[in-house]
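Shared chain: chain A. Partners: chain B in the first complex, chain C in the second.
Up next, the complex of A and B:
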């Protein structure tokens, strides 16, 4: 028995629309992607789906102290407990409601499964010209054991609006759980959107997260991904630029140890001229962890004057850690500046020596250098509490008390 | 940029893209061919015609059987009509086998062909001190400097001769680096290869001259399946040159070569290629399919350096690779790939680090013009045991014209934490400010582009041996005519 069998028996029982049933049936024929699939070449789902799960299980309702524990303390909170929307703020100019299905153009069998199964998620619509200073915090709690849950979320941001989000997916027990999460963000003209994802779930949690961003003219969208906890994390981040003068920024920090696996896939589709994209992913690997990075920049024909920058830097700090990186450029226009850089290495011995000769212990010296390495990506986050959290989690992972904040 | 200037640049690019292949001509020599198609019998006929021993026939048949079970790969970022493998003639040999005593005995027709290519044997013999083993439609027709090489114990001959004269060496090494089952095209090659070069450098010998071979596809519709096997024994050193030009054809011609390099402990192999197969006309009709498997293995302290200048072929599918098996082995890959009109190139390298302290360097420069597509696809793999390994990769692409494409697909796999890997890639066009700077100083736009392209490729061209560098520059000139020179 495994997830596929669980899904099969679920599909026999479940009451749902014809269309969703069809999607589920066709998914069951195809199954989960394997390492023969180019997009999943380095990340095997085999073990992840071999486990048995309960589909869309519900447990106890979350209490306020638990919410307090995992919240970063923002005033505006959207809280889900096992798929159920239990609290949402009233903000002028922003309407927030529960799940409402929508069409999407993102492909892949995992997403097809999401579409077939999802009954939960949020729908946020930001009115034109709304500017919200404080971020909206979105918390997804799972209390049921061995849960396999789907979320399907949509954010539509109206012209000239500015809004920030902080998202966290959290288990309240140590069981093996899996989340198939999809968020679509539509950025209208001249909008500014920042979406921060904090992935610091329990040790045996599995996550496949897909974010698809559609940008109109003059919009800026930042997606920051912080990967710290969870045994299996796959992030798919897709940008589609459909108007001129768009800017897409991606920052990612992964700090992994033990047997963790984190796979960051990004794809920027430059469809219009005069756009920019900046991408910075940093990975630190300890223990037996494994990192995967796949960054693709596509410049369509006639999308001239594109500036696309991508960098992926990795530190392998233990004997058994490994990294597979695949930075790709696909360029069909000539007047563009595109570059990617990828490095894999260790901390510099000279730098360590320098610090040690000044009385800083080896562990602390390593931590400081690792911090400096990762901070470049963390610095780009504009939400202060998220930055601080990232720093603390980093120190925690490296087992030191840095006792400073930058 | 002013409208006028833009126009002149457009004209220039127009000129670039409209230049037709200059080496399109066929030599009229009677050929001894077998019927089209591939079957077990054809494999047997090829083997019999070449009077091969049983083990060789067995090898071919095994490869043929493996090939039957394989599927033609389609993962490369190229699109083409898949060749009909039953519509290819798998063997053709010039009927008159010229006597090799002196160059005067060479078929005058063939001599003319080489003259047209600007490769004067006499000149090369006298001036450049290059031994040339010419392969024309699969069978060696001229070998020179054999005696000089023989004195040093160097074996340099066609692979068919090697199978007859040095079966123990061929048997020992053939298919050890590129096994027949390695991929679809290597299996095909192993089954039907008609000829190619064989080279063995004995222990501690430094080859006194650059070894070179020129390949040409001649007989209409003949696929050429070259097989090259180069063995550098302990402490030896060799530089090998390979150049290709092919006559104009309307049907697509298939070229599926296999090159195997073996660098024993402390050996040093430098393998340089200038490839200029017929790329098809401006609409992409005709042209050679170049599906090549090139791989070398480096034992302790050995070094293999691949240098290639790729200007031809309708579709190129080529990844010269290094397996760095021994400790302290070094692999290098320097490449300039030019695509024009409708050409498609998917090329790059694989550096597989197995030994400790192994080093690899990759410099790949792509130039895309017209409606062509250039791809870099490479793998750097650092295995768990490859302590202190080092890789540096740089892939740059230059785009000329707004209808072309340039892509990079690097794969980086690192399993060792004491190794360092760096990869960088850029894509850009020639800067308007760069051209403006040159214009300001009285250098015309055309000359400026030439200057910039030359500077851009310098890192790779510098790696070529003198004789080849000249030819490579000539090819770049022809491929990008109007902008270079």
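Up next, the complex of A and C:
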């Protein structure tokens, strides 16, 4: 048995449209990607899909104290309990509703499965010129054991609008779970969007998360991915720039221990001239954890005057941890500035000595330096409570006592 | 307080210190001068416990305790402080968090509870005022993007916060303009007491106009070749190092 078998028996029973059935059948023929697939070369799904799951299971409705426990306390909250939208805010200029299917151009069998199975997710439409100062917090709770769930979300942001999001997928029990999550973000002209992902789920949770961003001219979109908890996380982050003067920013921090795996795949498709992209991913690996980074930047023939910057810096703090880092630049325009850098290393001896000479013991010094290393990637987060949470989770994972209120 | 006896140390195969003898008592200010490459920074690094340098012989005791047996952090807990010639940048850690950690670690080693935040901030403000440090400085990242002068001032700020018994100022004057020099020197003078000692390592007499030493030593080719009072620094400024180094070259040839 295993997930494929679970999906087969599910497909025999489920009532759904012909089109979705076809998608599911064709997925079952292909199966999940394997390490023979270039995009999954360093990340094996084999063990993840060998487990038993219940497809789209529902458990108990969550209560307000659970919501409070995981919420960062923002006023505007969208809450899902086992896929069911149980609460959504009324915000002027923004319409929020549950799942509504949409077409997408993102490829891959995992997304095909998402399209075939998804009945849950959110649909957000932001009217043009709407500027929302406070972020919208989106919480997906799963209460059922061994659940395999899909969410399919769409955000459309109208001209000149500005909006921020904070998202968290959370299990309320310690059982195995898997989430196949897809979010499409359409940024119209001159929009500003910031999307923060807090990935700090339970120890036996697995997540494949895909975000596809489509940007029109003069838009800026920031995606911050904070990976702290979960046994398996694969993030696919795709940007497509379809107009001049677009800016795409990606910041990521992964701090992993035990047998955790986190794979960040990014793809920036520079289709228009005079655009920018910045990505900074930092990884800290303890125990037997494993990291993967694959950053693809494509600059199309007409996309002149592109400024693309990518960095992926990693600290391996144990003998058994590992990282595979792969920058992938495809540049077909001649007047562009593209730079990328990748480092894999240990802590700097000069910095360690400096701290020790100030009375900071070696273990504390190492932890503080590791914290400092990772925190650079969270400095660009504009939502203070998210930044603070990230700092606290970092400090907690590294066992350092830093007072961020100082 | 500090007793250095026939100290020999180097890096890899290269012996840099070839038998240093120096005694510093509480309340004293010593200046160590000398041409480039004479071993001044090596001496300060060895006292602070930099593991890049290997001690090949001799001893260093600090208040009777064998300093060479201690880790760098233990030396700091005992009251040794080194103001670095090239302070290290640590992006991602604010000055306030760095100092808080540093003080908490020292107090922990002494069996004390961490200082309440309120008291710590009060102390920081006092010391900032002493060194004419502007608001906003505490939340900046440790030495990141600091000018040469700001970095040196940050060193003295840490010294003021940690209240060491022995402060070694390694080329603290380099990179400082005259105003900054005056502020830093003024800070050092105010922190001076009968219980602590200062060792000023410098190239030039300039700093010694502001921090007046009780003793001046000339370090050359890994040895202290001449010692005297404050007037020796003036003499060196006037005549250069040649007149003392030639003598030494003859003696150690």
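Everything that follows uses one rule, which is that the second predicted complex is superposed on the first by the 403 of 406 C-alpha atoms of A that agree within 3 Å, B and C clash if a C-alpha of one lies under 4 Å from a C-alpha of the other, contacts with A are read in each partner's own complex, and residues count from 1 in each chain.
Methods note: a contact is a pair of C-beta atoms (placed from the backbone, for glycine too) under 8 Å apart; a residue touches a chain by one contact, two chains touch by 3 or more.
The shown structure was predicted, so the numbers you read here are calculated from the model rather than taken from an experiment.
> Going by the contact rule set out at the top, does A:317 touch chain B (first), chain C (second), both, or neither?
A:317 contacts chain B only, not chain C.
> Can A:357 be said to touch chain B (first), chain C (second), both, or neither?
A:357 sits against chain C, while chain B stays out of touch.
> Considering only the touch criterion stated at the top, classify A:345 as touching first (chain B), second (chain C), both, or neither.
First partner only, chain B.
> Of the two partner chains, chain B (first) and chain C (second), which one does A:368 touch, if any: first, second, both, or neither?
In the superposition, A:368 touches chain C alone.
> Check the residue A:155 against both partner chains and state whether it touches chain B (first), chain C (second), both, or neither.
neither
> Look at A:334 in the shared chain and tell me whether it touches chain B only, chain C only, both, or neither; answer first, second, both or neither.
Only chain B is touched by A:334; chain C is not.
> Output check: A:401 vs chain B and chain C. Expected answer is one of first, second, both, neither. What do you get?
Once the two structures are laid over each other on A, A:401 reaches chain C alone.
> Under the contact rule defined above, give the chain A residues that sit at the interface with chain B and also at the interface with chain C.
Looking at chain A, the two contact sets are disjoint.
> Provide the residue numbers of chain A that touch chain B in the complex, in ascending order.
Residues 38, 42, 301-302, 304, 314, 316-319, 321-346.
> Using the touch rule from the top, collect the residues of chain A that touch chain C in their complex.
Answer in residue numbers: 349-351, 353-362, 364-365, 368-369, 371-376, 379, 400-406.
> Across the complex, what residues on chain B touch chain A?
75, 77, 397, 399-429
> Provide the residue numbers of chain C that touch chain A in the complex, in ascending order.
For chain C paired with chain A, touching residues are 48-52, 71-73, 75-77, 81-82, 84, 87-88, 90-94, 96-98, 100-106, 109, 117, 120-121, 138, 158, 162.
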